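Got a structure here, written out as structure tokens. Questions coming.
So that you can tell them apart, the chains are marked A, B, C and D in the order they are listed, and the count of residues begins at 1 in each.
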Amino acid sequence: MIDGAELVIDALFGSGLNRHLQSSVRDTLSFARRRRVPIVAVDVPSGILGDSGEDFGAAPAVCTVTFVRKKPGHLLLPGRDLCGEVVVADIGMPQGLLDSLAVDTWENTPQIWQPMLPKTGSAAHKYSRGHALLYGGYPMTGAARMAARAAARIGAGLTTIAVPEEGFAIYAAALTSIMAHPLKEHQDFGRLLDDPRYSALAIGPGAGVSDMTRALTLSALRSRRPVVIDADAITAFAGQTAELFANIHGDCVMTPHDGEFKRIFDDSGDKLTRARRAARESGAVIVLKGADTVIAAPDGRALINGNAPATLATAGSGDVLGGFILGLLAQGMDAFPAAAAGVWMHGAAACEFGLGLLAEDLPELLPRVLRHLNSSS
Amino acid sequence: MIDGAELVIDALFGSGLNRHLQSSVRDTLSFARRRRVPIVAVDVPSGILGDSGEDFGAAPAVCTVTFVRKKPGHLLLPGRDLCGEVVVADIGMPQGLLDSLAVDTWENTPQIWQPMLPKTGSAAHKYSRGHALLYGGYPMTGAARMAARAAARIGAGLTTIAVPEEGFAIYAAALTSIMAHPLKEHQDFGRLLDDPRYSALAIGPGAGVSDMTRALTLSALRSRRPVVIDADAITAFAGQTAELFANIHGDCVMTPHDGEFKRIFDDSGDKLTRARRAARESGAVIVLKGADTVIAAPDGRALINGNAPATLATAGSGDVLGGFILGLLAQGMDAFPAAAAGVWMHGAAACEFGLGLLAEDLPELLPRVLRHLNSSS
Amino acid sequence: MIDGAELVIDALFGSGLNRHLQSSVRDTLSFARRRRVPIVAVDVPSGILGDSGEDFGAAPAVCTVTFVRKKPGHLLLPGRDLCGEVVVADIGMPQGLLDSLAVDTWENTPQIWQPMLPKTGSAAHKYSRGHALLYGGYPMTGAARMAARAAARIGAGLTTIAVPEEGFAIYAAALTSIMAHPLKEHQDFGRLLDDPRYSALAIGPGAGVSDMTRALTLSALRSRRPVVIDADAITAFAGQTAELFANIHGDCVMTPHDGEFKRIFDDSGDKLTRARRAARESGAVIVLKGADTVIAAPDGRALINGNAPATLATAGSGDVLGGFILGLLAQGMDAFPAAAAGVWMHGAAACEFGLGLLAEDLPELLPRVLRHLNSSS
Amino acid sequence: MIDGAELVIDALFGSGLNRHLQSSVRDTLSFARRRRVPIVAVDVPSGILGDSGEDFGAAPAVCTVTFVRKKPGHLLLPGRDLCGEVVVADIGMPQGLLDSLAVDTWENTPQIWQPMLPKTGSAAHKYSRGHALLYGGYPMTGAARMAARAAARIGAGLTTIAVPEEGFAIYAAALTSIMAHPLKEHQDFGRLLDDPRYSALAIGPGAGVSDMTRALTLSALRSRRPVVIDADAITAFAGQTAELFANIHGDCVMTPHDGEFKRIFDDSGDKLTRARRAARESGAVIVLKGADTVIAAPDGRALINGNAPATLATAGSGDVLGGFILGLLAQGMDAFPAAAAGVWMHGAAACEFGLGLLAEDLPELLPRVLRHLNSSS
């Protein structure tokens, strides 16, 4: 039947299918694929689960035509890779009906958070743009430095890294407008928080997995400021999440990759389900990182990000992302849009560079992204 | 009345009004604003005080037409933001009459100080271009390094940072053509001043608020060289201004932001009044920083700066400004034009970059500003 | 005879000649050369050995026309310089006959290894792109830092330098996304290897010629991971090669320059012969560096590289090359194509810069090379 | 007489005048100048001494027309500034006559030294391009680092700075491909010289004025390698020149500015005379720095350089110049052309940047200069 065909239209199953394709269907699609006949899928390629992007045996399409709006399965891996180019067709659904759909999942685009980006008015001074404070570890010092640079480039008025005294000279020699503050003992970090001008905090990059990191994280949370909890500060709570979750408040963002996620959260279910459940359970905005990063809020809203190139799979990339979010929080942006904007700008900055990217390039690429956003707003 | 109007001309009050607008006037203007009818103001928008830019309830104009020359209210905030584009109309006032106006306040433009910029003749050597000396603190080291880089980029022949011995390695590793001089004890700073080739001094960035900073500042002033007093060196004299003012001489520039200003000066009155009074009282040229920086001389002259973008509200920005002024003083420029030129170039450098600016970018952007100035001179 | 000639065709001897030209022939060719009559050679200029590029008295040609494919003598020095432009003429040899030639030597071109370059799919994370581990010496610290930067730029997901504790601060201050790991004692290096995520190792740049370097190299080899053995790690085995060769396995690359080569290998014969023999004897892929670098595999295959400009003769150039190869190995590429790709990209990066090149420029030039390769694949 | 003139031709005196202009002549020329009548001078403006550029009261010309070739007075200050544009008119002097002039002074142009620039053939390796060795002082570390970077950028195959152990970490953290070698005691410097691969040496930048610097300089000279003696290594011999001059050999270059020059040489006479006498007396090539740098050889040849912009009057500029010369010496270039080429490239690099130049910019600008030279050779 397919012999001689120039195009295969796959409209066999809708996006609701959640079992493996029967063998006859798979054989037919495989045959098309081997013959290199292009497949155009309707809704989603048969075998892709529309709610999660999970694959039950789909053949890759060159193009997928869907209706009204994208589904999670068009955005989450492996679905995204199997859909090819996704075209959203307008079928004339009335706006009233659309609004009544109670949608709680969207693709992460600037339209969502651009109106909430910090604005710097003519009367601004550095303190009105916020003071970001990071804990910087030792002996791993580069991670916090990259995060700090990201926070500063995205607009925090001041950025300080509090560092153990033994690492102070390393930080100080490598920083210029970003300040290094030496801590004689780790309790000094809590004392710093008596200064109300620190407007957002971050802990994790290079912090080490230790009791101390746990204590610092809790003291950060107890100060009731916006906090980014990343990397070792996530892992440090493995098996001890109760105390963590009890202290988390609405302006807290956690940024685990898959490995960190499963150390403290239930890892079952698809990515959207996992991130949403973790956000609800912890009370934090969850940024579950990857090529299809999911940003989930405790109230159930979730965004799926699609602009991250593969080159972001490089050491320190996550530290920079945490820094971007920190810098937006420091300027007073709410946690959910700040997380979303940080994730998107991170991807956009990487796209500015292309192959050969190192994480320390990213903060330096951000000004171009900010200019593009500004000229399109 | 406004219904259906395409334009509202606000010629209700002149620039001399200094009380709140009556409610009927405000209601009318607010109505126009809500209807988005553009307002063109004559002289200043009604409610703006022409001498100070203070706002007694004005509606924002898209354009303000004034006569002969700009008034302070067109340049100072919040007036500047409410005037929209300012057009100066020539009403044929004879030059003789203009000269007789005894004007003592101007907009800060290159015309004012460009003829006084240091010239480097073919017979110049590094010492003829001056030797700038800064005190560099510890543990905050980046501030003085940025100020030094600014002084060097703007043309000081040599630039040295005198630093406490414990911080020496940090400074030395981060500097190249700028020299770090280790101080075994802080009295060594005064001994350095026995070398007459140091042609201008700066103290403040990262110095710390302490008796030592006060002592260093006084020894700098007593050497009778041009001195920039900035940041912690201002705050250190809170409550002890008598000794400071007694030692200030004509080539001293103080560069407080609002917070530092009010620690040592009377904070009452509008910005122009405050800066002028502080200059007269202290004997120093006062650079009262902000988006509408005022530069005031002890003899009553004052300039209002208008080219600073909001991105300058970032940590270290003030340190770079102090460095620019220091570098011009070191080359022999007088304090008032040096302060004015430094402020303007600081704004112009920031404009070269746009969003995402860090203070350490500014000295590296200065060469472009110098080239533009040079090609237009 | 040559008087008045506009062109001399040198078709006197084929590429098989392996003795000095007789004096009458040399006199004739020398005469042409003195008269500046251009010489076009057929096969190779008479006097060049086709298998090795050795010169038995050839006169330089402006152009050499050869058949079917280039011979080693067109690629190896001094032959390469004496051939002028090499044109390969198609003489209609059937493909079947070509394939039966059992060729084992090729010019190093992207066609050979481009299909094997690491691909970073959308599901990649930093660990799936590999973790490169280098030993970094003291007091020479720049060599390992350059190699590490090269490994990171070419795509290793993570890059760590293990360093003696006394040198830690120097490394840490100069690195950002690349990590420095302090070693209390050199045995800690072996303990690091218990972490299976380190996917490739390098030892040599700045390591020092010592028993310790030998011990570290052996422990690296015994971990059965891909290893790059460079510089001091080669020299350290002078006179003690038996233990080295006994531990080398298929994914080991050694990168000697001529001086290092002859410390541990038989130096007799032409360059291709030397490199092939060393690869067979040691079991490692041998990169015998120079302007005509030869890459030889233990199974007899060999490549000759031709894109290296003379500017690569600069300190640290070899360290960067080792780092490129390391970064490709870390991503799972086989040793022979990884070595070949590293050598070619090293040359291409240098060509992007031109005169005045320093070795630390090379990793920063690589992204352009990667983009060119990508757009031509 | 001048009233109403549109042009004044000053052909009053030739270049041989060596006394002050009589007052009537000066009055006439001053009158023209006040009236802004342009003056065109024949040979040199009257009052300029053709052999030295000394000024006995000349009025500045807009243009000077001279014959056959430029005289020193067209190139040396203040003459150069007073000549305006210099046009050399061909008066048909036969080449034989020209050659018989026994000229020993020339303008420094690439034609003079370009054929002698180091060539890097395809068989080059880093050691064949030479190994430059500098002594790097403490606590002033930036000077030697800039000189080393200059030597490396201009093509030295390897560059090493030998540094006192206390300063080692500062040097090592700031260098990458340039090597820092720690000296336990200063005698270790002499021991380094046992390695014959060090092909040229430099001492002076940041060395300090001390007995040790004198000892190091003498041990450098006694090694009979090409040596650049700069800065503190010049001053250290004030009053003790006999031992210095006794050890100087043909490949030694001394690079004093005016202040350093007069500490060890007779300061009487014009600049050309002073430099020539110092070269003859010391046996070194003398680079007497300034806007009109003179390069003089012991055999009496001298060059006057004219491409240095005023922006070179900045700290560290001289260190970079010393490094350029060192890098050329290390590659085997003779001292006189190496000094001349270094001086010219230094000026050309500064011209690439314009206003706002710092000395550390210069080595990074050199690759452009090398490319321009290469494309014009």
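Throughout what follows, a residue touches a chain if its C-beta (ideal position, glycine included) is under 8 Å from a C-beta of that chain, and two chains touch if they have at least 3 such contacts.
This structure is a prediction, so every number in the text was calculated from the model and none was measured.
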* Any chains in contact with both chain C and chain D? -> none
* Based on CA centres, what chain would you say lies at the far end from chain C? -> B
* chain D against chain B, contact positions shared by both copies (same if over half, else different) -> different
* Fitted rotation between chain A and its twin chain B in degrees, CA, nearest 5 -> 90
* How many Å are there between the centre of chain B and the centre of chain D, using C-alpha atoms for each centre? -> 41
* Would you kindly tell me how far, in whole Å, the mean C-alpha position of chain C lies from that of chain B? => 58
* **Touching two or more other chains - residue numbers and ranges from chain A** => 169, 173
* To do: Name the graph shape formed by the protein chains and their touching pairs; answer line, ring, star, complete or other.
  => ring
* Mind giving me all the chain pairs that touch? -> A-B, A-C, B-D, C-D
* To do: Please name which positions on chain C make contact with chain D in the complex.
  => 77-78, 80-81, 139-142, 145-146, 167, 169-170, 173-174, 257-258, 290-292, 310-311, 313-317, 353-360
* Provide the residue numbers of chain C that touch chain A in the complex, in ascending order. => 120-126, 128-129, 152-155, 157-159, 168-169, 172-173, 175-182, 366-367, 370-371, 374
